[in-house]
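Note that subunit A is present in both complexes that follow, paired respectively with subunit B and with subunit C.
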Partner chain A sequence: MSEAIPHLVVRSVSKKYGPTTILDHIDLTVRRGELVTLLGPSGCGKTTLLRAIAGLAQPDTGKVELAGRDITNVPPHKRNVGVVFQSYALFPHLTVAGNVAFGLKVRGAAKREIDAAVERALSLVKLGHLGGRRISALSGGQQQRVALARAIAVEPDVLLFDEALSALDRKLREEMQVELRRLLQEVKATAIFVTHDQDEALTMSDRVAVMNKGRIEQLAEPRELYLRPASLFALNFVGLSTRISGTVLAADNGKVDVETGVGRLSALGNFQAGSSVIVAARPEQLRISEQGEANSAAGRVRSVVFQGSRTLVEVDAGAGESLLAELSGRDGAVPRVHDEIRLSWPVAETFAFPMEAQV
Partner chain B sequence: MARTAIVVCWAMAIALALFLLAPLLVIAAASFSPTPVFDLPLTGASTRWYGKIGRLDGFWPSLLLSLQIALLSTAISLVCGTLAAIAIARGKLPGADIFATALVSPLMMPGLVLGIALLQGFRAVGFTAPWATLLVAHLVITLPYVARTMIAGLSQFDFTLIEAARTLGCTYPGSVLRVMVPALAPSFLIAGIFSFLASFDNYPVSIFLADVRTKTLPIRMLQYIEEAPDPTLAALSTLILAGTVILLFVSDRVVGLHRMAGTSD
Partner chain C sequence: MTEAALPAPMAAPSVDRERLAAFGFVLPSVVIIAGVFALPLVLLLGVSIVDANGLTFAHYKRLLGSPYYLGVIWNSLRLGLLTTTIAFLISYPAAFALARARGALRSLLLATLFLPLAASVIVKAFAWTILLRSDGIVNETLIALGIIEDPIRMIFTETALIVGAVNIFLPFMILPIYAIVAQLDSRYAEAAATLGASPLVTFVRVILPLTLPGIIAGVALVFSLSVSAYVVPTLLIGEKYPTLATTIAKAYLLTREPGFGAAAGVVLLAIAIAVVTLSARMSREPK
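Our next item is the complex of A and B:
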């Protein structure tokens, strides 16, 4: 039962700095135990939203509720949130254990209780043996774990991660993404990540909120976000795509025919005839082989980029348009640069977005 | 070529160190002179001049005054200077650079000019109580040391630490006390020491504000040397020197350890 109860509710939160709107009536509901990512470019308001939840930024309007309590006007030290900062913000004058114990000490917990919690938190992040170390003697990855242990130790109602993995190098970051997700599920934490890294968002979260200009453009599960982007912005920000501009010729029941520089294409979408649209498809939908009910376009191969499990082929389709196809190892022969090829992709996987929303 | 340059530089460094330290060694040697007139080579050693320090006319009141003024002005400067440094280091203050320069500027002003300016200024507003004027004047002397050190220290300080402490359950003032103060301990220590020393041995500013009953130790010492130049003064100087060396040595150990404990890698 409790799984379905809204745990964190953000209601119509707005925030302006001077004339600039940072958050524009944000609504967000997070269930208990859910991992949600706020994904967007810098300046989209994701960090400000996180800070509003933590109590470090006061919203101009709107409400924040956590675990059934209105915390809109509650100062950060009474919110029972755990924050992992981008810089980790570990206390340099304390040891690893001292950092992890900090929150409990401040709360006046008994020493035995503190020791037990510190040990538990440190073993959770696999640093049980480093409690006596100085912070400066740790590697970046270890510091990241200490910051996590410190936030977990107080058993917060929600864990907030502000670009928490971005300071790690790529390999370590990818390892931490998987490990962190498993760990958070293990302790049944409710968590919100802020990141500009789409891979991190797709890997770590149950749901992803794509943010742009202070608004949430789409809130969806990673798979749905990728397969059914709700806006051109969401399409662009998550994953690669082929995008071709055109004009709607005819609309019929959720499907449109679009005249483009590479020929007539069909796509999903509701538009009036004459609308300017962008037609888009994900690169793995584009095939060299013929497909049933499909769009297709021809052109000359401009580049072939081998990336291990996949090969990206960019095709110059004329009229300033290009096609991007991702060929997996199974697809047989890979074309060479300057080859003339024809690519086709299913209409059911072709989207159309209004042109004016282009960013 | 490079080798020669290095040798020359090393020689210069050693020569300069000797040049700077030699007078201090001489005064230390003189303080143990068995005769009232210091003469090399020494014909023996005596500690009797040390015993005479406490019997110098007006020594204790002057020492007490200097300690009071130095400690108080340092304490006030640490609090006020740190607050000002926070405003400057956070950078959101328009013209922060100008404020920073203004706070540090007394360092660059000749002491005599500062002394005369303060004397005239205090007279003009009818502020003449010697003890109080000395304290205010020494604030002018000590504030730049504190401001300079704390601005430097704070520019390295990650203010996210305070936010982290707040989300962990600390009130804002609590976060400052539990996180910022200990993290900045090395800066506080350095600022405090330099501020204390600058106040304790100040002569050119104090001389304008002292009166017959209110004389700081440096003023009193100059008076002794005019009245009776015997090795008692050398003994006193040696004691002050020893005290300073101990203070610096101890704080270097403390700060050194703190540095190792985290603030810088």
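Our next item is the complex of A and C:
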């Protein structure tokens, strides 16, 4: 129905702090009900972009539109956004229910309406029985849920999560990722997550925006982001890869032949002959067995790391280059350290990126 | 290593040992407080209700029954309340400014706050008399600038008293509030804003309650200091504004009525304790 209508639109938003550019003409469109992650290293501008959407940071240029309204110059308390902070920022002088009720109270809602909304929000995060507790009496995971309930209770047009799960320990965080995604889909919330955790980004989002130096390098569905990284930065930031530097010998219709330290390799990409490039492939594409029309390179096994469902094999291919292969449990014999092996991988899964973009 | 060598028997008595150690740590302060504080207070109470003929409440009747001494008590309360209120109004925004300041400015502001604490109250009160007297710096300046023709009477007025008291006790209000404000996470205000609270509502519902412990500490300190101040009223306003503190001094030093002085001391103490207890209770119970 209204699925395709843009719900949140960020148009050419820029922000500078002194001489440092934090956001560099960011464009982002989020559909109603969509879960989008801003993924990037610290300092990439992801938190500033989130704060610009919330109204907590004023952009120097550009526009922000939410639910068909230009909110660029609207103060935060009139934007109808919900923010879950990394530190949760729960009010310590109020109870759990008092925190969840806060947004409705300051909007002047009727008491009966507030009570019903608080009960609904708390039961949604499975804390219905803790309404009377003080914040300091809660565990970190429970505080996280209260912060979520508080943000949801006002039925905001968009929910913004600023590294909201990063304070939890690993196991709890992974559980919350799945639960949070289910919960947000249940209430049909539009949400933006800010994180530096690629697993969180891939698990929680419909689309991921990889950010670097104040720009969005790639905005794509998690699967596409992993399989078809648009830049060397996106490749490096999400998942593991083999990366070999070389020089383009010949280019032909989206394909290039590259001379590298480990031999001649073919890759997808558009470059002129003579360009310096990085040739890359995901580790699960590298096999010990021969593959037809494939790149291949040989070397000595440097390390073998068993990780349960998969085994990572790192091979020293000489000339300072190394290869990383991920062997699944079905791949049969696993090589041992110091074995001489040859790895091959399909050309269609090999990418070339310009050298200078390396971070 | 054999089993006998393991320090197993240590486990049980260690709790008692910890308690004993804790007791040892507080013992010196208990001795000092009991010896130089609690004991004299009990004696003070005793002197105020016992005279040569035995038990008597005559001193309290005189103190609480005459319009003059009720006026004295009111003067003390008025000094305490005015000083505390004005000091709070100045200190609250100042504490925020101090917490926001960075680098050299912050060091400078903190220094201006701490340095006066090193000077004696007498010195500071005298400094005010020099500033405010008829041929003082303030009057001379105003006359030199042609703003006034004759000196304004400033010293020995209630205004002078309150101005001096606020100035002298100000650090005791700013510092406890600053200590709370400096630790206040700016995310609280941001969270309130995103939940729909205007800056004013955020202040009333979030900032004020969260800084309340600092306010209460500052109010308790400044009130108990100013309600019992002796030097400040003596130097800045004198005889015409008798307070409980000056009455006590007069009873002991001039009229030689230790029983009456003790009773005035007990009343003053009761006022101070009431205010401190009340504020301690307020800070313990979040609304």
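Simple rule for what comes next: the second predicted complex is superposed on the first by the 359 of 359 C-alpha atoms of A that agree within 3 Å, B and C clash if a C-alpha of one lies under 4 Å from a C-alpha of the other, contacts with A are read in each partner's own complex, and residues count from 1 in each chain.
Criterion: contacts are C-beta pairs under 8 Å (C-beta built on N, C-alpha and C of every residue); 3 or more make two chains touch, one makes a residue touch a chain.
Since this is a predicted model, take the numbers as computed values, not measurements.
Superposition of the two structures on subunit A leads subunit B and subunit C into a clash.
Contacts of A:Ala54 after superposition: both subunit B and subunit C are touched.
When the shared chain is aligned, subunit B comes close enough to touch A:Ile135, but subunit C does not. Residues 54-56, 75-79, 81-83, 85, 87, 89-93, 102-103, 106-107, 134, 150-151, 154 of subunit A touch subunit B in one complex and subunit C in the other.
Within the complex formed with subunit C, the subunit A residues making contact are 54-56, 75-83, 85, 87, 89-93, 102-103, 106-107, 134, 150-151, 154, 160. Every residue of subunit A that touches subunit B in the complex is listed here, in rising order: 54-56, 75-79, 81-83, 85, 87, 89-93, 102-103, 106-107, 134-136, 150-151, 154. Against subunit A, the residues of subunit C that register as touching in their complex are 185, 187-188, 190-199, 201-202, 205-206, 209-210, 212, 286-287. Residue ranges of subunit B in contact with subunit A, taken from their complex: 158, 160-161, 163-172, 174, 178-179, 182-183, 185, 258, 260-265.
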